[in-house]
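What follows is a set of structures to go through.
Two complexes come next, and they have one chain in common, subunit A, joined by subunit B in the first and subunit C in the second.
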Partner chain A sequence: MKKKMQDSTLKGWLYLLPAIVFLGFFMVYPLIDVLIYSFEEGYNFASQTYFGTGTYNYSYILHDPYFLQAVKNTLILVAVTVPLSTGIALLISVGLNSITALRSLLQTIYFLPYVTNTLAVGLVFMILFKKTAYSDGLVNLLINWFGGSSVDFIEGPYWAKMFVLCFYTIWIVMPFKILILTSALASINQDYYHAARVDGTSKFRIFRRITLPMIAPMIFYLIITGFIGAFKAYSDAVALFGTDLNAAEMNTIVGYVYDMLYGDSGGYPSYASAAAVILFVIVLTITCINLLISKKKIH
Partner chain B sequence: MKSNLDYIKIEKETRIRRRTVRALTYIFLVFWAAVVLFPFYWMVLSSLKSYGAYNSEYIPKFFTLSPTLENYAEAFTAVPLGQYFLNTIIFTAVTTALMLAVITLAAFAFARLEFRGKNIFFLLFLSLMMIPNELVVITNFVTITNWDMRNTFPGLILPSVTSVFYIYLLKENFEQIPDSLYYAAKVDGTSDWKYLWRVMIPMSRPTIITITILKVIECWNSYIWPRLITDDEKYFLVSNGIQEIRENGFGRENIPAMMAAVVVISVPLVILFLIFHKKIMAGVSRGGTKG
Partner chain C sequence: MEVILQNLTKKFPGRGKKKQDEVTAVNDFNFNIPDGSLIGLLGPSGCGKSTTLHLISGLLTPTSGKIFFGEDDVTGLPPENRGIGLVFQNYALYPHLTVKQNILFPLENRKGKDRLSKQEMLSKAQEAARMVQIDGLMERRPGELSGGQQQRVAIARALVKMPKVLLLDEPLSNLDARLRLQTREEIRRIQQETGITTIFVTHDQEEAMSISDLIVVMKDGVVQQTGKPQEVYDDPLNLFVAKFLGNPQINVFQGNVKGEKLYIGKDAVLDIRDILGKDAGTEVPGITEKEVCVGVRPEGFVPDADGPFRCSLRGVEVMGRDISVVSENPAALSPAIRAVINSEHMSEIGSTEVRFSLLPNKVFLFDKDTEERIGFRGTQTEAVKK
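Now for the complex of A and B:
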């Protein structure tokens, strides 16, 4: 019996071996390593030497105007897109839930952005919003129709660029939210609604007193994943404004990490690591706060 | 008589109100569908306009009377779009296949085999799900560079062949297969390996297909890692290719050709989606995240 147990132990670890090797090399080791990097001062990528340990990397990036710009952009992006996208997704899902005709067709259409290449469709958005010498672009055409004057959304003022970035981000994250909310709405027990209708409760009250509490856990889930996703925004910005995000004033925290690591401004893995650790701490804190709030509110 | 009239009036009013709400709902829903679809329409439309026609439209037209395919020819000849495509197909196929092998073995061990340390190890394993990719990418970049694997397929593929989340998903699925089947197989002298192949994998096919589709989407759209690890055009994936086209290709102003490239890159996933949309949506609502 004992022998058999040992046999199975060896076999168990053998089956796990590939996963352990890959995760060890590309996840566990990097996790420790990134912390070490972030405290090594003056790390030289070519010779792989450094001349001290300390918090200099952190203080450097916290005083780097590009990093502060990136933090500001990311915070605006999070503050605008998370509530807006969740709110609109909720409206759409409630609307979808109340109709029967066209429902599955619309559902399928809404999901389409999920499967598209962020970089590729970003290019289309850029063309729709861009003002060039030979054309003001389609969005400006619409603005002109309503009596406004043209704005260059891609290389123009800061607020215009931020608007496009937020708009594109919302467009991209919407499918996931609509999908989660429609399935949450569909799974609510219909008896509650029948009972409320018999009592003559108004529609708005039904929504506030029955629908919202029932799907509250899913909304919180979406807010948490939304926060995390928006804090990690990067590809959408690249798609709209190109790879030199610092010049466009549109960099994000993740973009800053990659710029420090690689590219024209790259070669500083220590700074990149410090920025990545800061990002991780921010995301972790927000997740914890969200979890605490949701626990209090739901129970 | 009067109260009867009131009743009819009230009924009429409610009916009108209900109709208005319904109409507004439909208008809102169709409006959002238009917002979603419009970029796709615009990219196909622009890709069909000739270079001259596109650039002479100061006010862009919403349709074209003389569609042309010359941009598609341009997209494949002026930049190595075919090469990007091939690279992405190789990358996607190999990554997905390797990942399926790795996660199936691991999920089998967690779900079916009994061995010492399993439960504690599984907890440790789950905690890895919290680690964002951004945190480990820096060291991975250094590792792959040190191994001299930049601009190679192994360098592109190796870091993304495991997924803690998919192992978890598959393990949950494996555990739903009744134990009695396993004991029956054991009595018949079937080895664990054979049992995995003959019973567990076929019975979990829906989950495996879902995981495969989600991974294919992820691979097809991956941008950050390939950008870090390749600077040789010969190894660009479609996302990097698009970025390259945007920054250097076609002469910056040839937007119709650019749009043709965007259409070509988007089509495979859209087709995949149209075929499997139910599976994909079910899979994503069970465990995909994006956004």
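Now for the complex of A and C:
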């Protein structure tokens, strides 16, 4: 009996081996390596040498205005897009769930951004927002039509660029959230609603006391993945503002890491590592806080 | 509160767009439910009993027909304005709320002058919980309760707002056999204590017969027969009702009426007059010289060494107080005949052949084609014909 148990344990490990090797080689080892690099000053890939060890890398990037700008951008992006996109997705899902006509068509339309290429979407946003020699962009046309003056959303003031980035991010993450939430809503047993109706529960109260608690686990899943996704934002900013994000004041933390490695100011793996570690710590902390809250709030 | 159903009909649109795909779930249902009674809606699955219940609750609106609660026509009223309590088959307790919060839920919905103070709500909830004997479980969540306890919470939640009519959808089907027995008595007790008109749906004839004041037997959306359980059992309108009520099921044979005798196979088992009553017999049109279906209740067999009805014995099942004699007869429409007899008669059963005499009041004759009962008395029950 005992031998059999050992056999099956062994077998289990054998099955896990490919994944463990793969993850260890491409995930765990690089993670540790990054942590080590981040404490080695002036590490050089080519010569595999460094000047010394210490916290200098951290102190450098924490004083680097580009890095601080990237942190600020990322934090704004997270703070604006995660609650807004989740909230709007929830509204749309509830709306979709309560109609019968046109539901499939609308579901498809809402899902389109998910299957559309990021750069193609970026192009569309250019048309919407970019000022060219010939036009001020579609949005500016609207603003003009309402009597406002044109704003340069791509190369103009910081808030305008931030608005476009947030708008874009919300739009691009929404389909997935709507998909998850509509299926969560559809899986709620209709008898709960029947019971509530018989008891004369108002629509708002049904939503607050029945629907929300029932789909709370899904909402928290979306918030947690939303936070992580927003902290890792990079390609969206590139699609909108081009590769020189530092100049555009639109860099994100991941963008900063990338620039430090390969960008115009590239070739600084130690600084990149330190920035990556800081990002890792931020994401880890926020995720832990999220999990703690969700454990308390969700039955 | 008296509940009156008038020509109640519910049709569901079919999958296709054509009219003929329509499904008629309830067809021309007429019934008066007396105030303060317990009614069992009974029928096989798909017979429209749950649809009827949902029509009364207002969750469904009838295609045609009317529903009255007392004097008031409630046909057009939404469920919340009907003053009903509804208990779902799966209880539909809110899993994230405690038992107390679940029971309070209907009270907290009220607005304006109907809204009770916090204290009153709590005492009402306590009262409802005490009624169904779950007042010790108020802080638990539904997931931490057994099926029977959840059922009680669901009933308490339906009762707390003092409904005029209490509706129960298959209230016992999710419980195990012992709990079912206990809970059905409980439902009866609660109904009698509160005096609330109660309608419950079940596919279990025993359940319906044991606690109902009146039962309504349905098939394919059509009411077959209504009446007091015992009367419907003793005087079924057609073969379906006779088969549906009673456990073990009624035994059905092919029979012949010749002269004034009823033959099953070659055995002349009974006098027609004994079955149909003294004043019937040949006067019942078309009863002489006719092939009929004969239904014999399991308790209608009396083992008798000289009995006219001969069957070949297959076995005897001992059930304690009674024994069940399983036998065969070529005229039987089912492979086995089941006779329930008192165990004292055990000795009278031979080894290969068993002979019975039949009790005339346990024998029913049905038309072979229409399956309608021949000589239906309908003395006290009011039969609802198609």
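Methods note: the second predicted complex is superposed on the first by the 271 of 299 C-alpha atoms of A that agree within 3 Å, B and C clash if a C-alpha of one lies under 4 Å from a C-alpha of the other, contacts with A are read in each partner's own complex, and residues count from 1 in each chain.
Definition applied: a contact is a pair of C-beta atoms (placed from the backbone, for glycine too) under 8 Å apart; a residue touches a chain by one contact, two chains touch by 3 or more.
Just so you know, these numbers come straight off a predicted model, no measurement behind them.
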{"item": "Which superposed partner A:289 touches (first subunit B, second subunit C, both, neither)", "value": "neither"}
{"item": "Contacts of A:199 with subunit B and subunit C, given as first, second, both or neither", "value": "second"}
{"item": "Subunit B versus subunit C as contact partner of A:119, first or second or both or neither", "value": "first"}
{"item": "Which superposed partner A:247 touches (first subunit B, second subunit C, both, neither)", "value": "neither"}
{"item": "Subunit B versus subunit C as contact partner of A:177, first or second or both or neither", "value": "first"}
{"item": "First (subunit B), second (subunit C), both or neither touched by A:191", "value": "second"}
{"item": "Greater subunit A contact set [subunit C / subunit B]", "value": "B"}
{"item": "Complex contacts: residues of subunit A adjacent to subunit C", "value": "189, 191-192, 194-202, 205, 209-210, 213-214, 216, 299"}
{"item": "Residues of subunit A that touch subunit B when the two form their complex", "value": "5, 8-13, 15-16, 18-19, 22-23, 25-31, 33-34, 37, 45, 85, 88, 91-92, 95-96, 98-99, 102, 106-121, 123-125, 127-128, 132, 134-138, 141, 171-174, 176-177, 179-180, 183, 225-226, 228-230, 232, 234-235, 238, 242-243, 254, 257-258, 261-262, 269, 272-273, 276-277, 279-280, 283-284"}
{"item": "In the complex, subunit B residues that touch subunit A", "value": "22, 25-26, 28-30, 32-33, 35-37, 39-40, 42-43, 46, 55-60, 101-103, 105-106, 108-110, 113-116, 118, 121, 125, 128, 130-132, 134-143, 158-159, 161-162, 164, 167, 192, 217, 220-221, 223-224, 227-228, 238-239, 242-243, 246-247, 253, 255, 258-259, 262, 265-266, 269-270, 272-273, 277, 280-281, 284-285, 288-291"}
{"item": "Contacting residues of subunit C [partner subunit A, same complex]", "value": "57-59, 78-81, 84-86, 88, 90, 92, 94-97, 105-106, 109-111, 141, 157, 161"}
